[in-house]
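The first chain written gets the first letter, and so on, giving A, B, C and D; residue counts start at 1 in each chain.
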């Protein structure tokens, strides 16, 4: 038996970039948090401390800022592809690059004034290897709630089951969605808006018997709306709202007063896919 | 010398309340996080463990939920006043109550569907004593940014000063504002929207030579907009955006590419007040 | 009526300093997060943008690092005093400085190797005005738990009270304590250890009928242990541990299985003081 | 083309359990946060809302508490195995269970008194399928620092590289380690302590030319120390400490005064493995 190096990668996480475009009086603003991770022929530094293949993570950070100047910071997917291709093409020892972008939205208040949006974060993760490219777009932190049109019953009961069946409950979740594109050249902004709208519509319009049913409906809406999307992964925490027992105070509670719980919480995860799409690179939604 | 009990209070923090109003098909949603803190004749429990004056904090929580049913959860200020008055009036040993409400907004997506707003949190804190009432409204987490129209120069330099003067910089902050009302019966929603709009307008319209100048302009706007407001306290972190030096890469950077810094950060705090208003209870903005 | 500037201050928050002392082979490590806040004759910048009195917050940051080299970073209280006095003495428009230090402990693993302690954070806040000095030491994040020796009963019941009385419960809290010193020249490390030990002993040794009783006992222990301490403020969240009802599963639960709750939580705040000490500057424990 | 359900699972996250063992006067305390995730024949609920296979996540929570009473909460790995096997064996539609436990340590202060340790969190994740069992132990939040014995040079330079080479720097990281066991019946506490000690020793004793070299040394130490461990995955953020330029103040800085940076940060991830071990289930370290 001997001890050997297995799968490895390294990079720079959470490089904060704000890019202003000053075309005349009306400025534009892009706010990205960028992660870069490279893999390839990196055994030497692990085994002997020979860094001849280790492009510094500081250089990755510099590259983010320089590229933002040279190429602009457009759509997150585009910017991520540009960076990932650069590292794979310019460093022979690098066989694969993963670049992630979290994009915060800012609403316009004036020609040079903005208010940060807190409703959700748009994400993009790309993988570029010497042979393949994979683009995954996403959204996190989008919190949705239906005050009704949600039931949960017909579930199996074992000796530890005490949950009553319900024909009317609040259904709420904070959507974490990632979707894999078939290609690498979509109209990214339009594609994102399309998926986002479909996810929201799927949540709002589904009369739900389980959060799983809602998940599948949301994913199906997204795939039907955007043909450039191969598959979508949803992680939906069930943000429980517990009905308060007001009977000790002589009061009824007809689904009016709730405790918003923090934890524990249900967590429903699932992929909705097309049956005819090529396989993804491993770990695309992690 | 002897050891004695000084100022003290106790209560329940962070009671999470979601209140649904189900008037026909179209539901309404209120999302509050409530804090209650009582003070008065509470020496016995500290000194001997005699709890005859200690209304349980669990009861405070129950009262929040029961009141949400009995009285509804309307404006945060109203709900806080209702609760605070209840504790002072119903428990003779309680001389003062402080009740705080953080209100999260939800945007309507349909008759019973909502999306959580993350742009800011509306707050209210009320103090009710046996003699006085004080209402403070507020907002937190409102993040604003101007890409230009901000300078900083003319400051004193000592031996530790290296900051260059600048005639053009990004100015960004996350507004934490609290304003004290003259009375206790404003039209709360309209008042809040009025102050919020004035704060935003003050930020957007001020050509700034310092964040202090912007702070005073924001506060002045708010006081001019709403005569029911006695004074306003602003705590404005200077969310620094550092210009990246791209010269090593042969690139210019004409206020286009920035690092958004996390910490350290400047912190500017100040009160803007009317010169003829009655004094506040101590600690009104803490 | 006119609109005027009220109480104000400004400064630099969260300057991260790590200071290494390299005396021979065995190194020492200090890890501080420093906040500086100045007040005085600062109306001009608010009213007109005249910054002639506004020492940049960037300079405050530089001063922290330069002082760490010039004077070393010894006890938090000492370092804070040094900085605060510097600003008040060197800038005539500055009438008062508040400097805070959060100190993270690191355990020694070898001559130049350390492991960060996560058990608590030691704090110091000093105020230096042209006339007075006030030193407040503290600790945050110290989480203590007794599995028994805690009761809660004899409390008043109103129509919203459902809490059962209990003769045996878990008592747990995360101690946030601040204590004001009589002077400004204690042996700070020894003083801190003395108060810390007294607080822990007070928690462990008190058979508790309420968290208030424990609070007073902890504070009294601290004052008795350290005569240089004038008074102590404790904010003790009641970290509720709820007994799980296992009866649906045919199981008993004799104080063995608990849910550790997050929120809501009780919050007990109180000052324990000597009856013969001079008054503090306003807001010393905020 | 049709839209189909892909990989999916569901469960209960972050169930907070505190278990007290009251054997006579001296109590013991276990503090777990448990996650359960089940997969199997779950298509129906997604496609039609038929919940006949969906054991409620509320039941998973109940099972955690009931098992803590019935079987006690011993080592995290044991408790996780017990739960995972229960769900796979008792629910025919469940083909696989993943159970995770985060264990917080508490130091004894007295027979029934404890102080929470903040130095690290011990973790365990087990997968039980109808055919296989996999146990992964881990540690998070262990923050280590060497003030010297770390160099970084000999790296490639491209046009975006500005980092100077260094022969002496601070090396600091917050260890996130997970190690896969060969079997499912180790002496878990001893095994954990052995790996933890080896990781720390690997960090302290390695004269480092890169964090990658330190990572491999740490992993190798762990594998040599514990033969029951098949492989170990380390994710090591490079917690950068930037040397402050004090030359503007006429001061030298011989590796004495540092800024502790937050982000961006380097992130080094790698697996150290034995060359003769059976393959893991997919995604064992995610």
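Going forward, contacts are C-beta pairs under 8 Å (C-beta built on N, C-alpha and C of every residue); 3 or more make two chains touch, one makes a residue touch a chain.
These numbers come from a predicted model, not from an experiment.
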The pair out of C-D and A-D sharing more C-beta contacts is A-D
Counting in whole Å, what is the centre-to-centre distance of chain C and chain D, each centre being its mean C-alpha position? 31
Quick one: report the Å distance separating chain A from chain D, using the average Cα coordinate of each chain. 22
In chain B, residues with contacts to at least two other chains: 16, 62, 66, 160, 162, 248-249, 262-263
Line, ring, star, complete or other: which describes how these chains touch one another? complete
Complex contact set, residues of chain B against chain D: 159-160, 162, 248-249, 262-263
Per the touch rule above, chain D residues touching chain C in the complex are 16-22, 27, 29, 31, 62, 65-66, 68-70, 106, 109-110, 112-120, 141-149, 170, 200, 203-204, 241, 244, 246, 248-249, 251-262
In the complex, chain A touches chain D at residues 1-16, 35, 37, 42, 45-59, 61-63, 66, 90-91, 152-158, 160-163, 208-210, 212-213, 215-216, 219-220, 223-224, 231, 237-238, 263-276, 282-283, 286
